[in-house]
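Several structures are given next for inspection.
First chain A sits with chain B, and in the next complex the same chain sits with chain C.
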Partner chain A sequence: MQRATAPYILILPSFLLAAAIILWPLKEIVSLSLHDVNRFGMIRDFIGLEHFRVLFADPDFIAATWRTLVWTAAVVLGTLIVSVPIALILNEDFYGRGIARILIMLPWAISLTMTAIVWRWALNGESGMLNSALRGLGIIDTNIQWLAEASTAFPMQILIGILVSVPFTVTIFLGGLSSVPDDLYEAAATEGAGSWDQFRLITLPLLRPFINIAFVLNTIYVFNSFPIIWATTQGGPANSTDILVTYLYKVGFRIGRLGEAAAVSLIMFAILLIFTIIYVRLAMREAKA
Partner chain B sequence: MTTIKKLCLFAGASLIAFSTSAFAESTVRVTIAEYSKGTGPYFEEAAKAFEAANPDTKIQIEVVPWDNLQQKLTTDISAGANADLSIIGTRWLLDYVKEGIVAPLDEHITPDFKARFIDTFLSPSVMDGKVYGLPIAASARAMYYNKDIFAKAGVENPPATWADFKTAAEKIKALGGETYGFGLQGKEIETDVYFYYGMWSNGGEIVKDGKSGLDSQAAIDTAKLYKSFIDEGLTQPGVTSYSREDVQNLFKQGKVATVITAPFLSNQIKAEAPNLKYGVAPIPAGPSGDKGTYGVTDSIVLFENSKNKEAAWKFLDFLFTTEQRTKFDKVEGFLPVNAEEAKDPYFADNADLKVFTSLLPNARFAPVIPGWEDIAQTTSNAIQKIYLGQGDPEATLKEAAAKINETLK
Partner chain C sequence: MSKKLKRSILFWLVLSPIVVVILFPYAVMTISSLKSATEVLNPTWWPSELRWQNFPEMWRTSGIAEALANSLYVSALSTVLTILVSIPAAYALSRYQFVGRDAFRQFLLVSQMLSPIVLVIGLFRLVAGAGMIDSLNVLVIIYTAFNIAFCVWMLQSYFSTIPRDLEEAAWMEGASRWRTLVAVFLPLAVPAMVVTAIFTFINAWNEFVIALTMLRTEGTYTLPIRVFSLVAGRYTVDWHYVMAAAFVASVPVAILFAWLQRYLVRGLSIGAVK
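Up next, the complex of A and B:
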């Protein structure tokens, strides 16, 4: 066997596997999006970009796209901002650290859908835990109908999104922090660096690759995250909390327009692909520099 | 990425399809919607009883939550992996018939078999003179009211008209505290139907002469009426955060004095709030005496691509014997669809169910039109906007009606 072909032959099985589970469905989706499709997925006439034209003429679709970007940015950035201090605290040696770590990780052990349903109950206007807690503390005196309007529902959904993303992100950061050698801090301390300088000049730069990976993975998860919004509001009232995945689900499986649904998923795929390419470019440029 | 996952499901489903076709010829797969905790056990038991009598046939029951049924059927059918029999909402049936996915049952139906049914419930599954499904579940809607709250507010009888209802709700509000007269649903499945109750009382129709009835005066009046209930604090606050189940729960907790819903609430109250004193009354009438309730059936259908049509039919025949129907409807709290069954004392002497059956002559079933779900969604969105005060009732409804007329074309 020649040396030049050997790597390709070795890669071939995994390439075929990847092709079967990624490229074949992609081809099917493209074909669905370009044809007239009935609600049972039977393909009829070729209609070109008609589905895309219909989508871009739908104000609900445009609104859902913008909302998806807000949702993703808010949850991902919120998670990073919350997770860094939590990871720093959990990295310190203190009494009860084991229990604190377990408590932070615990939400991860529960399925996302279940967490979301528990929140739906907690946010119930008349019998929800949140309202009764706030009333008990004397913060409010009439119930807030959290899920009745997008102006209260969507921020709560973002908060739930942050809450469930924290465990994963903290885990990554803790792994990163454990790789920072202690003598760096000792050296910095002898040179007179305060704890803020230590954080800014040592911890943050060394944590950088871990923040990067958490950023990318969270973006992909959150962008595609269905359960939180679906279980709390189903994208309502009047589509005002829809993001692209919930919009996709409604168009595809409620209303049965599979062609348009395929077009939505291609657009989502394109957005994530562009994001990933830009990101990889930036990361590589940094690595070279 | 989610899409890719879904497509993998397609692929997986088709693999399952191959493997099941290798089974013995006489395996009948049945997709069942889960109405309650009792649904799965009932069908498992029925399957066992059937297998005991027909040893050459195996019945394989697949229970699916209601919310996922449409999605499962779509994926299964597109992959050719659907079961032999399935429960579907009768309102979806037209789409299935148009695509030739379900088989007509007429060749199997004898006059004797047909005579088992109460005609009102069989007729929604008849299209172009052919029977495409059998009514596996039937229900209608009526108003549940809390007798204690009514008594405390000095309201003697359940309201006969919407005007009476409003007066009653005002009296209930005057009691103070957090009790509301009108439990109004504003979220998720059947938000549109909750609006239709009032619209029918005002003499409106969902579809008239092939056009949406949402821009009719009846619909506009109803929107203004419901909105006035909301604005005057006669409904629970934040109606758009309450699904049907949520409003039913408020009723069980005694926080709303009325809720319009299906007979199964009686079973739930018996189990969860046995001390609640409630009555069942017709939905209030409109100013000119118009009345309406929503009649719903779900159908069990036989798929055209089934390879075991004979065996599947035998199972259907078995499910619709008086004995099986009585068992099932008792478990679920549905209305009897079988004439003999209706004579069973459980149904005949049940005060709640009597109210429901008395309403059937005025019942509207979902109209046989394509794209019912699409229309339901447009309607729900429009009335949610009105409930929230984000749109003028008349303009919002007219806009929705125009959109629906596009769908109906």
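Up next, the complex of A and C:
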């Protein structure tokens, strides 16, 4: 009897804590999204899907949704493309590999907020050192006001997003590369395969499960990423760099339309759930393989 | 020239663009933090004099000491709490077969996917309803809850690599299950506990959205919120102080991370795959 209850007692504290902090707010959000709510959070009449209807009629919401897709796709794909060669290099033996690893991993240790604030300063039009560096290199002649309009601010935010996502992705890939047995390459080399063929026919297929997992996890992280955009432009100028998370924060805490903010949360929750299901499927397929 | 040297030069050439872009903001941060108030507006690479006194001045005027204490309190406490709650759960997952085991694992997975930002509206109502806005302890509870999934996952995959024979041998000697756990099992699991503890600490140290939402008075600000408040919504920003504050907030964790990076990478790749 004692043995049968022991595991439940052991998991109980963690389950209760996680459930309280995750399921209870979720219930609140569902209820908010279906009721008329005043500025101070008083719940009034049940209004069904009215908040969702208002959202889908709001051009800012539609724009933020599209921008979120562009943001997520650009950062995730950019990260994967940059990370594969870096991981391949860091997996080799060369002088200074330890230092190279630390340098590449550095953004992971520093808070996104700090990195974003420093970039905001570096991107400043008059005093920013990016402009002076680019002028010094002869790439531009006049200062660019990077954060003053979306056409320059958003690509820079994507660049920052890629830089801070690379460490985690490279780590996953390094884990994958260390599982590739060396004799496979030796066998391929004796068969006369060049290094490109070895990469294409051995490394890439063996790395595929790790690429899949990095893809899904990065998608979730980037989709939810708040500090980069909030600390550089707060979604401005004129909401032109808002993604769903910053839109949600503005609607909820600046404008105080809690019902609509809750509806945005639920829409995001639905999208995340789809990602999660894909992840579980991939993880299970890996576990079986 | 040896083959390895040639290869090293080639690799460093390939890596150099990304290394430069990664280091660029931190170089800007360090240099700007040592410039004077007027010179910081002038984007030169090297300041005419290194103003070390920026740091003590910033320390006095920016309220960063308080924020540092708050961040240390929140991060240390959430780390301890997370580990305390996660060890039993991970032990149960790796050593017992029980009904609901898979359901619990899936629950953990889903809870890891949900970031605080998606739940922030509901969390805020919960905390505001309880009258606990501005409480650092609420922050500790929330950070713990959001780190449990990762920690249980990591610890469980490490626990599964510890051979059962050792525990069984101790039971044969007549040791109780509890005594075996404390004297045999947990000492072997120390490396995994250290890795997960560092991860939780760094997560809590760097967290932004929840702290931004729950902390409304300056005395309770954690570091990221404090430094952000020096920049956001102000007409004049003392960038040299902001950069000095960012430096103080980043460098200790960066050094800790650089020192432990090798273990983190190894630990994470075990946890992520198995």
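Keep in mind that, in the parts below, the second predicted complex is superposed on the first by the 253 of 289 C-alpha atoms of A that agree within 3 Å, B and C clash if a C-alpha of one lies under 4 Å from a C-alpha of the other, contacts with A are read in each partner's own complex, and residues count from 1 in each chain.
As a convention for this text, a residue touches a chain if its C-beta (ideal position, glycine included) is under 8 Å from a C-beta of that chain, and two chains touch if they have at least 3 such contacts.
Predicted model only: the values in this text are computed from it and were never measured.
Look at A:I228: by the touch rule set out above, it reaches neither chain B nor chain C.
In the superposition on chain A, contact is made by A:L163 with chain C only, not with chain B. Applying the stated contact rule after C-alpha superposition, one finds that A:G96 touches chain C and leaves chain B untouched.
Once the two complexes are overlaid on the shared chain, A:A18 sits against chain C while remaining clear of chain B.
Once chain A of one complex is fitted onto chain A of the other, the partner contacts of A:N239 are limited to chain B, with no touch recorded for chain C.
In the overlay built on the shared chain, the residue A:L26 is in contact with chain B and with chain C. In the overlay built on the shared chain, the residue A:M114 is in contact with chain C alone; chain B does not reach it.
Touch counts on chain A: comparing chain C and chain B, the chain ahead is C. By the document's definition of touching, of the two partners only chain B reaches A:R254; chain C does not. Look at A:V75: by the touch rule set out above, it reaches neither chain B nor chain C. When both complexes are aligned on chain A by C-alpha atoms, chain A residues 21-22, 25-26, 28-29, 41, 126-127, 220, 224, 226, 234, 245, 248, 252-253, 258, 262, 265, 268-269, 272 touch chain B in the first and chain C in the second.
Those residues of chain A whose C-beta lies close enough to touch chain C in the complex are 4, 6-11, 13-15, 17-22, 24-29, 32, 41, 82, 85-86, 89, 92-96, 100-115, 117-122, 126-133, 159, 163, 166, 171-172, 174-176, 178-179, 210, 213, 220-221, 224, 226-227, 230-231, 234, 245, 248-249, 252-253, 258, 261-262, 265, 268-269, 272-273, 275-276, 279-280, 286.
Contact residues on chain A toward chain B in their complex (touch as defined above): 21-22, 25-26, 28-29, 38-42, 123-127, 143, 145-149, 153, 220, 224, 226, 233-234, 236-239, 245, 248, 250, 252-256, 258, 262, 265, 268-269, 272.
Interface residues of chain B facing chain A in the complex, by the touch rule stated above, are 1-4, 7-8, 10-11, 70-71, 74-75, 77-79, 95, 99, 101, 178, 186-188, 236-242, 246, 249-250, 253, 255, 371, 373-374, 377, 380-382, 384-385, 387-388, 390.
On the side of chain C, the complex with chain A involves touching residues 4-5, 7-8, 11-12, 14-15, 18-19, 21-26, 28-29, 31-32, 40-45, 85-86, 88-89, 91-93, 96, 98, 100-101, 104, 106-111, 113-115, 117-126, 128, 141-142, 144-146, 148-149, 152, 202, 205-206, 208-209, 213, 223-224, 227-228, 231-232, 239, 242-243, 246, 249-250, 253-254, 256-258, 261-262, 264-265, 268-270, 272-273.
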